[in-house]
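Next, two complexes with chain A in common: one pairs it with chain B, the other with chain C.
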Partner chain A sequence: MSLRRHPVAGALALVVVGFLWIPILAVAVNSINQSSLMVSWGGATVHWYSLALHDPNVRTGLTTTIEIALGSTLVSLVIAVSGALWWRRAPARARAVYDAMVYARIILPEVVFATALFFLFLKARFPLGILAIIVGHSVWNSAYAAVIIQARLVGLDPAIEEAAADLGATPWRAFRRVTFAALLPAIIAGGLLTFTFSFDDVVTSYFLGGNSATPLPLVLFGMIRFRITPEINAIGVMVMLFTVTLMGVAVAASTLVGSVGRGRRDALAELYGQ
Partner chain B sequence: MLAPTAPSGLRADSGHAAGLRHLLVVPTAVWTLAFFVLPLGLVTVFSFGTENLITFNVSFGWTASNYAAFGSALYLSTLLRSVALSLGTTAACAFLGFPLAFFISSQRPRVQRLLLAGVIVPFWTSFLVRTYSWVNLLQIDGPADRVAHGLTGHHLQILYSPRSIAVGMVYSYLPLMVLPIYVALERISPDLYAAAADLGARPWRQFRRVVFPLARPGLIAGVIIVGVPAMGEYVIPEILGGGKTLMVGNIIVGQYLDVGDYPFGSALAVSLMVILMIMLFALRRVQPAVEAS
Partner chain C sequence: MNGESSVRLSGVEKRFGDLVAVRSVDLDIAAGEFFSVIGPSGCGKTTTLRLIAGFERPTQGMIEIAGREVTGLPPYRRPVNTVFQSYALFPHLDVFENVAFGLREARVRRAELRRRVAEAISLAQLDGRERAKPRQLSGGQQQRVALARALVNRPEVLLLDEPLGALDLKLRKEMQVQLKDLQREVGVTFVYVTHDQEEAFSMSDRVAVMDHGLLEQVGRPEDVYRRPATPFVASFVGLANRLAGRLVGAAPGERYEVDLDHLGRRSAHGPPGLAAGAAVTVVVRPEDLRLAPATGPQGGPAAATVIDVAFLGAHRMVRLDAGALGQLVAIGQGQSTVVPDDKVVLSWADDDAWVVAAAAQP
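== the complex of A and B ==
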């Protein structure tokens, strides 16, 4: 019997996928469950949705979250793209240091990093708030973006850029039409990933927000810790729909742009023609 | 392990263009030094300082007294609980994640994409809401308890204990284990399985001699990316531990934000980093040893 068709692996796999989806189903069901204790089914209602949509804390939290996520995504992409372009031609030893720093930013427990940055900002009298959170998020987010962008850069054959130069493209034009075009899907994918990570973050925001910035996850965290709140299920469903739509667009966009980019890479004749 | 290696065919730069190109490192270097290396260094230095709890002034005497507090049973047991939960979570994720990754990698491309979405999409839902959902699922008279009560006649009393924290942690970290293993398995040519089967290897032997050795780099990447952050978990014990069962992350946050004892909080953070470095070092030692055997 082939291992690849082994029924035990299949059964176990389906159970594990089920395990991943059960809490999400529970969230969806409880978001329309009239019973506020969420132990049993009490009939359908949209009450929790209306409560969530009219909650001023949720509204300002959402605005704050989007501002932070956009800011940290932008900063992260600038850091990751410039870093990856440098990394590509850097000496081996410098590259090893860069890789170690990317790696450390990803795996260091967030609690350790967030307390350290909080402490620095306190000592440096840097005000806590939205700006501080953006700085904090971009430290780890830029590392995630770097990994995605570097993976794409490795797959880019340098001969294509050299061909562009040989065919008379200025360095800027060669960069724009070849390197950047090839990186675009990774930049989009990296940008969306960092956006959602920032959108969902609790620990860094908790430390660096001070009294002035309370993004949505901290509003939810406060609700969860102090009372039973079916309202958060409704918020969870809405956030999920938002993220899934965003990701769907991202996947579609990166596939689309990816095919265009590949077309460019293959079609040297196109470069020649221009 | 996460970062890919650079292609070797690139020409080394020279002259003016090289000078400009070196400027590209500035954003990442400044950001990493100022907001990552510097704060971690600062915390390490302050962990040896002392603080006047009335004036909040920290002074340096190079004292190790902040570390002496580990002698107290409360902190030591919390630290041990964190290590145990992290190791247990990693092991459970590996045992659940490996078969799943293997199953996904052996499907047709279209089914593979569907199953991968099944693993990743839950990850896009608010982490807090998913974790909170386990409170509902595990509570007395909740769905899991009813199933357990129906099957065994006993109530499932695991909410607000280390066991419910473990459930929440395995749940949250599982996709991070599945993905790197899947990436490693996906690169294995199907011909290898066919060859092994043709040569008479039974499934278990195929797994041991073909699949596992080739998937090991992915497994080790998964172990690191799950085990290390899990040690410092804060949110899951806060929600599923009911404020009673704590991990070292909760104590660090408490020392910083509630008590305001920065040197002691720093000593805890530094200890956590040291433990993690030892674990990473041990993993590095394991890898070549396994390869040699």
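== the complex of A and C ==
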């Protein structure tokens, strides 16, 4: 869209882009700002990064976050892959129910699931903590993974497994060499996406963490409630870089490993659009 | 063809719930034969192929391949390979790995695997495309990958399920010739399923015609065309004029005499054992039907009226209204003189007429 031809829309777009990016830019700038008040430029420093990296709270928070993200990614992928395999051969009505359940997990507010699980775990005397958070994250993460993996599975000719059997592959070999191998790009993409979602989650973690588990986003949340220091900016930038790198890897993986009849743009659309 | 049996089905039946897809089929396909199964969609031909491949288990009956019973064996234990209608190429593997798939499953040594894959790839004229993914190939190329992937395993029998169905007409004709040449070259038994009778006729040593799960006829293409066993075969295989009549009795020279309504009594060949008085159908191919102008009242009653004449290039096709016998079609070079509404007399050589028992038809 050309600015000259649509001046109002163009200006509006600029404002929106500004609102989105200026705070992020401010975080990045202040993460190397010597002035701890963050209102003026006091010269460049890596002090806040060093502080963040040596902060024991941040370090345990990061470990907790990665544990949760890995656990939830694994659980989500297992659910999504087995669900998708069932889905392919299921009757139409059962499929519709399954699809509705998947989309419900994406659409319904996270806080609803978090509250419900919180009460369920209390009733069942299931201890709050890392395990509880993994379960909570898997509720919606498995849905995102399911959408991505199913999209790929629909594009696969159902006859390829028969072809594998015809060529001498036992059912297990056929699954490994054909079905799973053909789905691998989608599994990688889905895995990285769910890892990222889990990585920056606040709501579910807040409800289900109890006293024992405080993942990084909650550490940050706790920090700004008591004191605002440029250390937070440094952490923010690092998390941001980490997430962007992960997304980059996801896109690269889904194109490089050989997406099924799609190009890079479709892989991107698949990753972000659905 | 060395006369050995390659595929044998004995009393094979397949039910899906209430639906009987294949009923009591007996079939004996010789080694090295190009055998086609034709029939309309839903006739059971694909199910028959899937039974041989092992994707379906028969409800009843026995299947033997190369003299060994395989009825209960899964597809991966059968010495057959399939070319699928959709090709079913592995999208994540390149051409080389697609072709090598079966050899890797069979744990063929590296050097031999390379050699055989290269051989199959050049047989399929895919040299230079080894590293291409299936989606980067044209339909014809994909089809040839599917063929190479199956043949590289040197199966006893190659099963082909409408392998040319997805190609356009010109490519189809080319591939028909290539397939036939290939089959002659490798000497593998081909079992070829198609709904296109012309395709089957041009390539096959023998064809089987199926309808409603039943084998209607098995024979050489010319026999099936010239001497159809049932009215269904007569009408499915090429254009046919089917004249309803009543059998009067046997005539000299292994013929029958048939009363054909207002066309009078005619004699025709037919299978042995037809009883006098039976309702029969006389099959006359359009190219065998001769038309002569009905000349005046003394020439007898006009047998048919010309409805229209279509120009087909090499010849003309004349549609006729033969009163109680329905609409007829005549094709040939000699039909050029008639015009619509002409009254004509119909004739044909006795040898070109074939009697079949009228089936209990809807």
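Going forward, the second predicted complex is superposed on the first by the 238 of 274 C-alpha atoms of A that agree within 3 Å, B and C clash if a C-alpha of one lies under 4 Å from a C-alpha of the other, contacts with A are read in each partner's own complex, and residues count from 1 in each chain.
Criterion: a residue touches a chain if its C-beta (ideal position, glycine included) is under 8 Å from a C-beta of that chain, and two chains touch if they have at least 3 such contacts.
Source: prediction; values computed, not measured.
For the composite obtained by superposing both complexes on chain A, the positions of chain B and chain C are free of clash and fit together. By the document's definition of touching, of the two partners only chain B reaches A:L220; chain C does not. Comparing chain C and chain B on the residues of chain A they touch gives the larger count to B. In the superposed pair of complexes, A:T196 makes contact with chain B only, with no contact to chain C.
Judged by the touch definition given at the top, the superposed model places A:A169 against chain C, while chain B stays out of reach. By the touch criterion stated above, A:V178 is placed in contact with chain C alone, chain B being left untouched. Once the two complexes are laid over each other on the shared chain, residue contacts for A:I160 go to chain C alone; chain B is not touched.
In the superposition on chain A, A:V139 contacts chain B only, with no contact to chain C.
Following the chain A superposition, chain B and chain C show a smallest Cα-Cα distance of 9 angstrom.
Overlap of the chain B and chain C contact sets on chain A: residues 157, 159, 162.
Interface residues of chain A facing chain C in the complex, by the touch rule stated above, are 155-157, 159-160, 162-170, 173, 177-178, 181-182, 184-185, 257-258, 260-261.
Residues 1-6, 8-10, 12-13, 16-17, 19-24, 26-27, 30, 38-40, 75, 78-80, 82-83, 85-90, 94-95, 98-99, 101-113, 115-120, 123, 135-136, 138-139, 142, 146-147, 150-151, 154, 157-159, 162, 171, 196, 200, 202-203, 206-207, 217, 220-221, 224-225, 232-233, 235-236, 239-240, 243-244, 247 of chain A are the ones touching chain B in the complex. Of all residues in chain C, those touching chain A in their complex are 53-55, 74-76, 80-82, 84, 86-93, 101-102, 105-106, 133, 135, 149-150, 153.
In the complex of the two chains, the chain B residues touching chain A come out as 1-7, 9-13, 17, 21-22, 24-28, 31-32, 35-40, 42-43, 46, 96-97, 99-100, 102-104, 106, 115, 118-119, 121-122, 124-130, 132-134, 136-137, 139, 141-143, 171, 174-175, 190, 193-194, 196-197, 202-203, 206-207, 211, 224-225, 228-229, 231-235, 238-239, 249, 252-253, 256-257, 262, 265-266, 269, 272-273, 276.
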